[in-house]
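In what follows, chain A forms one complex with chain B and a second complex with chain C.
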Partner chain A sequence: MEHLTFSFPSEPFTGDAAAPVMAGVVGSGNLEVLVERGEPGAVKVEVATSAKGFGATWEAVLSDLAAQFAVGGLHFSINDHAATPAVVALRLRQALELFVK
Partner chain B sequence: MKPIWNHRQTNKEQRLERAAALGGRRRKIVAPDQVTALLEAVIEPGDRLCLEGDNQKQADFLAAELTQVDPERVHDLHIVQSCLTLPEHLDLFELGIARRVDFAYSGPQAARLSRLIEKEQIEIGGIHTYLELYGRYFLDLTPRVALVVAEAADADGNLYTGANTEDTPVIVEATAFGQGIVVAQVNRIVEKLPRVDIPGDWVDFVVQSPKPFYQQALFTRDPAQISETMILMAMMAIKGIYAEYGVKTLNHGVGFNTAAVELILPTYGESLGLKGKICTHFALNPHPTMIPAIEEGWVETIQAFGGEIGMEAYVAARPDVFPIGVGGSLRSNRAFVQTAGHYACDLFIGASLQVDPQANSSTAIFGRVAGFGGAPNFGCDARGRRHVSPGWLKAGREADDGRLPGRMPRGRKLVVQMMETFREGLQPVFVEALDAWKFMEAGAFELPPVMIYGDDVSHIVTEEGIANLLLCRTPQEREQAVRGVAGYTPVGLGRDRRMVENLRDRGVIRRPHDLGIRVSEATRDLLAAQDVRDLVRWSGGLYNPPAQFRNW
Partner chain C sequence: MKGSTMKEGIRFYHATARRRVAAFLDEGTFTEWLGPQQRLTSPHLPEFDLPVSFDDGVVIGCGRLAGREVYVAAQEGGFLGGSIGEVHGAKITGVLRRAAERRPAAVVWLFDCGGVRLQEANAGEMAVSEAIRALMACRSAGVPVLALVAGANGAFGGAGILSLCCDRVIASESVRLGVSGPEVIETVMGAEAFDSRDRALVWRTVGGKNRYLYGEVDTLVEDRAAHWREAALAALKAIETGPLRWSLEGLRAESEALARRVEQYGDAGDALEIWKRMGLENPEAIPLMEVPELVAAAKAKGVR
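Up next is the complex of A and B:
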């Protein structure tokens, strides 16, 4: 298991301030994402991955998302179940389409 | 001296005489325990021999018997057959019975074939597509002896190939009229056949094999294994390609990506109002995942290369859709349907293991020599095509616009490569250089074994979007269009972001959002069947899946 930590600039999140933004298993379960409110400013992401050596790929996937969606001030915890970057990007987009403007 | 014009006839007579000597008289039916002796009698050293190995069915009994012949008597055979599937097909080379091979596909034996080439135990003549090999059966690779397989025979040697005809007609016609010898293994010998698929005059010997011939369910895909990424790509293909070009005639490559397209026609396709406007005529094996679309009235006809295990009763009960012969079973024919796939289809869609920035794609991975099969016959622009259709003309206009003034207008086939940017094991599909080059550098091939040439590809679909290569005007644009949908692979990360955004503005690259597709809509709820059991239900109980697909 490899643990990666990232931080990216992003527009501030403007959704409902109450409770966790979203939690639990996204979609049919091959990628788990927990999203909570964190420190104001950048978006922080922690990834637990079983595939070693894909830090640069994760960084590319997540920085694109941080640029595309207003997620500043949120804290993501991701358990990737060895999903491919295609699945990761799709799952996160699916979740964000539903929760973030 | 008078010239002699019938060497081959005379030689065939001699072979038949040697065979007759075994049993004391001429007759077509041979006992199974006589087959090795028969093969030794009718085969001569150096013969070109076709041991029917198709994509699906295998002349497995005759293959096993051929490995039992005395290599002192039968040797240096030149094997000409479409598929190297069974271990026996390669045993012949290790046993010194065969020396050279011309073939089309060797998927199941790819690793072993690669080792035999390295050890120089096999000479490769050429690796073909199916149509090329069949063409050569009639010109310079006519078999002297063909060992074929059918469902049943009668005493006159008439053959019934049942629901799985595949290559048998093309092999037997080339061999019989070249004055070669045809030996058929059959599951049963009967008084009266349901229908005659191969006339008995073309068949010299028939043997009832101890076991029914081997056949694989190659085209069955369990809907339970279809992912949301595949569904997203299927939505983009339907909305962004099938609908826009009005694709009615098409071929789907085998795989989960195209199974996803098949399974969302009655749901997503229906919601777009596309029924009757797309996907009406297929060159396709009887894919079980087509059942919901057929049942919902999407499909007018499906012409099949071969049969599919478990689909026999369903197919027989839908004679408006499938070609059905007297006796009620499917008539498939690989040669004719490959021709349809090449000339009569507006679109081919398939996947590949590797794609380079010029859109060349290959399934050749180092250490495996898998051949081509039929994909290149579909996955290329049919330059000999002359009949028009709206989609073919539109593709041609897109490819031509803005090029040399006065250029002769022509249509274009839609050749679509659709796959996720990474495959299992996090292997990138998009690579800077295909492994195919390494085969050439190692001396195994005179050209890199490319499945689909980049200049034939019209569209690439990945989870990131669609690249329309027809609209690219320079080699640089084409390369950036490929990189622009290559996701987070090194090829994708190597994109020129400004140029990719420019291509997106021009509609060369389209993201799901640009197509009006929300990725959150790409869920498994869109699949008309969630699993194999649902397919059985859709078929009204007529589909009878093989045991390995029954998990309930």
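Up next is the complex of A and C:
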């Protein structure tokens, strides 16, 4: 397993979301994303992944999220079982959508 | 389409545990216990360098079914086959113990589980036995436990045993139930005895339809959220108004029925032969029958 921690600047999250939410399942080629409120400021992302050596790819996918959505002050926690970047991006959006609801 | 109508049409077979719970309970009534934010993860999986899940593959909590309070446990088949590890099992045991104390209308267990989590070995086996003990205590306290076998992993191994420890078993035709899985049987007995790659053979042996005709599954349902709800409510009503099944007399009757089953079908080589002996017309057509048609045929012949 590889454990990675990221922090990106992002517009502050303004929704009135309360409860933490989870999207996805830790199956082969899949991942789970837990979204919670974190410290105000940057968006924080913790990744535990079974695919080692893809730090740069994670950084690219996660920085896209921080740039495209107002997620400042949110805390994403990910358990990954070798999902592709496209699946990761999809689950992040799903999780965010659930969190906003 | 309205939200509620869409929800009623959800199929449970490939749905996630969270989605099943949301679709099964009255809209918006679910409260999760020990949710993912608590991060109660397996202490064993990191030793194998395997990813953990924040809920350890089971969603537990309480909610309402047609207004009545029920406790639920839903296994996530997508995470290690819904397998029972130490934390996973402890969460379910906790639900059952709490139910014995607080007496909700029922505990509903949505099974999707291949058995004990191999990586957790003895801890997983112990978790199964603790769950069995808690399940019995829950039933003894007068709180019914319903098994809804809904997922692609069905209920096998310890989960197969646990499902049959419940007051009622409700299953769809697509699911499979058993103790030793088809691959295990083939490994031990040889492909001549049981070819696990023969999907039609596997389904007519361990599939929902055969388990229903055999009497192990009480209710066979079409895989839609509305039907699962309806079947659970009907089972609950039957338990509350019917004769007590879990009595010495009831257990004796069950034991006798099992002995009769071995007598009647013990030498049959295939479920098709059993269905023929049951008096069902055109047994070859059974695998293709729709659920209502099969149930009507079984009732007409007094099989169920």
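Note that in this section the second predicted complex is superposed on the first by the 84 of 101 C-alpha atoms of A that agree within 3 Å, B and C clash if a C-alpha of one lies under 4 Å from a C-alpha of the other, contacts with A are read in each partner's own complex, and residues count from 1 in each chain.
Assume a residue touches a chain if its C-beta (ideal position, glycine included) is under 8 Å from a C-beta of that chain, and two chains touch if they have at least 3 such contacts.
As the structure is a prediction and not an experimental result, all values here were calculated from the model.
Judged by the touch definition given at the top, the superposed model places A:Asp80 against chain C, while chain B stays out of reach. When both complexes are overlaid on chain A, the residue A:Thr49 reaches chain C alone and has no touch with chain B. By the touch criterion defined above, A:Thr5 reaches neither chain B nor chain C. Shared interface residues of chain A (contacting chain B in one complex, chain C in the other): 27, 30.
Here chain A touches chain C in the complex through residues 1, 20, 22, 25-27, 30, 32, 34, 36, 48-50, 77, 79-81, going by the rule given at the top.
On the chain B side of its complex with chain A, the touching residues are 227-229, 232, 420-423, 426, 462-464, 487-488, 493, 518-520, 522-524. For chain A in complex with chain B, the residues that touch the partner chain are 27-28, 30, 51, 54, 57, 60-61, 82, 84-87, 89-91, 93-94, 97-98.
Contact residues of chain C toward chain A in the complex are 16, 18, 35-37, 39, 46, 49-55, 76, 78-79.
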